[in-house]
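Listed after this line are the structures, all set down as structure tokens.
Each of the next two complexes has chain A plus one other chain: chain B in the first, chain C in the second.
And then the complex of A and B:
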């Protein structure tokens, strides 16, 4: 059976500002098995990127992990040595960042930026600069960039959005030998280019035998690319299910409303949307964090205690009192 | 066939007539042909969607209609009056009131230091300076009520609102002048689906009650399917296909349209079955400085023929209200 590659257990993350403390992640547990493609969906501000950044330990200085465990195979990333952490970041996990323009440094050529990553990914292998450059070219060729030599010698602003995204993917693949984290890889990209990029990521993940954690708010995209999905709302995992089952029969009220509000091509009736605003992390709602926006919330217990994630069907977990879990 | 005959809208109640519109931008590298000979009509009380990738000239068309740019050639007739050559600064209040716009990113289109009341009131003050204080407040509340914001929001700053609510404020501000035509420039593409669906519903409701005409600029075809009546597909400054929503989704003719439809990420199996298959997206939109000769889409088209590089296809009517600019379709008809 599958081996757990990445396990996040009961993770709490908060951000501190001058006046407030933002309680963002509130006991998040997820796992990614070897060779599995996992999706994480939720609105903006649900804590998706915070979770990814915690995994790589690249949270901004005001972000603090207060509780929990992040296991990569059997290394706990939260208290391993600096050397182990660097080893994992450089050779095991690669991340595709959200905004390709922001992920690339505008004053350096693509070549310098890529070699910088490849240099560490192939540390102590005795390669000279020419070899490293060839690796960079191979990575770019993998992403089907036309004319990789020219791209290597250009600055980021000389490339189009789709090309930049391909470069960022090539850079992520330089260090991703086992796990690829993709943080909204196609926001701000046209649908046609998006389709190309998604196909490319799928092909590369398959070819290199990677596991993937894909984070996005675009439901259709996650559906086409993953085996299993976590739904995150306000720093809580509210539902976990195999992709096909989740879209056919969503259980948690939030998931239902979310899928319902996505504009459909078949019917021309629009969903209701979800009333209210995302969670204010300074004063998160008591109990279930979704209860102020939930149309089914009529129990006092929703306001009092956080619903546990319970198994309602095979491989299906949901955190809602509608499915039991209350006393 | 002359263009005048070629592009007739299904009904003759025409609000906006765009004819042979050209807008070029000279740069140090050459002339960017952002909009190159585009003709279409917008009829009253309809939603016309302009669809295409970035760089296809959708926003430039909107900006010329709004008066941000002056057309280099061609004409824009609004209710029969030529407005394409009047820059915004020379437009009188009456004309400015008629056409309003809602931008993509509400976070940057609203002043972060002004309250919701100030933001909407500014528009009222400019366009209706003769109203007294109480009438202005009354108007303000009616507008907020229209978009579904309660009085609690009056003294909030944009920073205190969610993305969807900010966009509602932007819509209320646009409605403050009692416009006839509202240009929605990617108005919902930055929002989450949950907020997006609320905005779209509000827009539909307002359109019905105020008889508004919408020009919707977007690249999200699922949104287009839900709220618009007709679609103009643009590519590199040219119109590729014009059709009603039902026609375009059930019978897309231009290879580019098929490519766009095939690229939509779907959320159920049934949906993916209805979309065209076999046309895979490839390549990127070329530079508008040196567009390909002949048909501009030929560099990415899977069905490219010899004639495509030699001759530019003209927009031909294939069935009632359905226009396509493609040699392949024209040949088949013959």
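And then the complex of A and C:
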């Protein structure tokens, strides 16, 4: 029914430091269909940001994509021409970053930074500076900034956290004509305005008809904003399900524990949390990467071989031997 | 870079003006310290100036003329009064007014400093950016080796090496002096290159540059090596920042915009103060190099003044060094305030 907009197939990403190799993404496959809002959840360090950065090919120099395929419509981002990649970065995909202060250059005015981005997003359209500035003002107005003129002439450090995140969103929207990648857009801002920012992103995505890939470890937020969810643990996609089904009936042990450990406002007790440590990417566990922490791991095969992602129900995939897949 | 007038006005209203006033006060303090030091050191300046054979009564007269028979604070009072009339007192070695001596010798040193600064800044910008953009590459490795050698070898050794190789063996550059002897140039500012430009004497200008090349390079190499390392590590640090990823993810041209604009400018904020300090300290470092290239700068005057206990000469030279230091620092402050809005607008981060 939907056309596939973004397809990531079997992606492997390594980071190399002087002493170690960190095997972070371990065969990740996801897809985002046209007009769909997809969530990606998992704990800190699960490889969520790495995946997003890989999609736009903006990994830090230590990060290497060693295998896999990233298709945007029918362009393979891993071996397309430089011009095609720039075209996609400038005019197709926009990305909202985690930390709104770090995402803005501290020594340039917002105006300078936004105009540079808009200039390339509207390359060859013959616009003069005045037109570009109007586009910037429109984008800032879209993000409900009360006096865009003043914000445009400010430096990042003169704005509040919420304002900065709105500016970052406005910048992302300059490039996002089709797909918006949002990397934990509310983690680093004040709790009281997190809901506002979320609603803003939701409204803008709807208004502009964008598809979205939302990365977060805030489950409540993902639940309200997405159609479909991928659960990522230690660089593996462990479960994929439509949002409503995932929260009603989580299948993978990690998903269950993750949902249980989220603090609930109406409950008097805190969640249990998940025992054990996140994956050490230098020496990832053999077999299923979750097996050292998994309360249900009783089969020898969990330690031996990586469980395949199998379809257990319509649109529901899980990577765990509890649901079959072993021999 | 566009600089609107309001920005400049803002700068001068606040920080810089305060800096200048504070600097004047510290100059006064410096003069007091060096004035006292020069006078409480053992040795009789008047006797040293007139020689061992001068009759005692003449030496005594000379002492009275210099107020050396008066208490220290009275001497300082007379010295200050002279200073406000633009005089630094008579030199005990050249027997001329010290300010005249300084006006004679300083321009050559200033010209040298100017060219060292130009070489140093352009060299640092180019080399630092190249190695910062591609950390770990072959060219970065080569520049690293160059930097370590540059830092370890002191300027006067560079001077000797350069003079030996490029002037004695290869004969490409002159070994000493500021200008070839067949060129006649009127003295206007005392800076040969500028005088040549003013009089439109292009040959003299080229000749002066040709003479400046080796001494300025010798002085610039060490500082440049150090600053290249600082700029490089600032670049490497900034390139890993989120905002660089932001601009990359929007598809801005990687070198022209992302590196040379958005990574370079914040990196300069940490490099420029060091460049400033290095340029200011040239007045002291230049001594040896000037001697080697027989540069008619302030070094010869300075060393004679120290050795012969030329009271007024010493104080004059130290004050000049202090003024140069302060002026360079104020200039650096202004540049920094233009580069970094967080200083200008009094931000807290």
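Assume the second predicted complex is superposed on the first by the 327 of 327 C-alpha atoms of A that agree within 3 Å, B and C clash if a C-alpha of one lies under 4 Å from a C-alpha of the other, contacts with A are read in each partner's own complex, and residues count from 1 in each chain.
Heads up, the rule we're going with is that a residue touches a chain if its C-beta (ideal position, glycine included) is under 8 Å from a C-beta of that chain, and two chains touch if they have at least 3 such contacts.
As the structure is a prediction and not an experimental result, all values here were calculated from the model.
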Partner chain in contact with A:261 - chain B first, chain C second, else both or neither: first
Partner chain(s) touched by A:90 [first = chain B, second = chain C, both, neither]: second
Touching partner for A:220 - first (chain B), second (chain C), both, neither: first
Contacts of A:25 with chain B and chain C, given as first, second, both or neither: neither
Common interface residues of chain A - those touching chain B in one complex and chain C in the other: none
List of chain B residues in touch with chain A within their complex: 53-54, 161-165, 192-198, 200-201, 204, 219-223, 225-227, 249, 259-260, 262-268, 270-271, 274-275, 280-282, 284-285
Residues of chain C touching chain A in the complex: 135, 240-243, 245-253, 257, 261-262, 265-266, 269, 339-342, 345, 347-349
Touching residues (chain side chain A, partner chain C) in the complex: 53, 56, 58, 60-61, 85-91, 93-95, 97-99, 102-109, 113, 116-117, 120-121, 155, 157-158, 168, 171, 174-175
Contact set on chain A toward chain B in their complex: 43-44, 160-163, 190-196, 198-199, 217-221, 223-224, 247-248, 257-259, 261-266, 268-275, 277-278
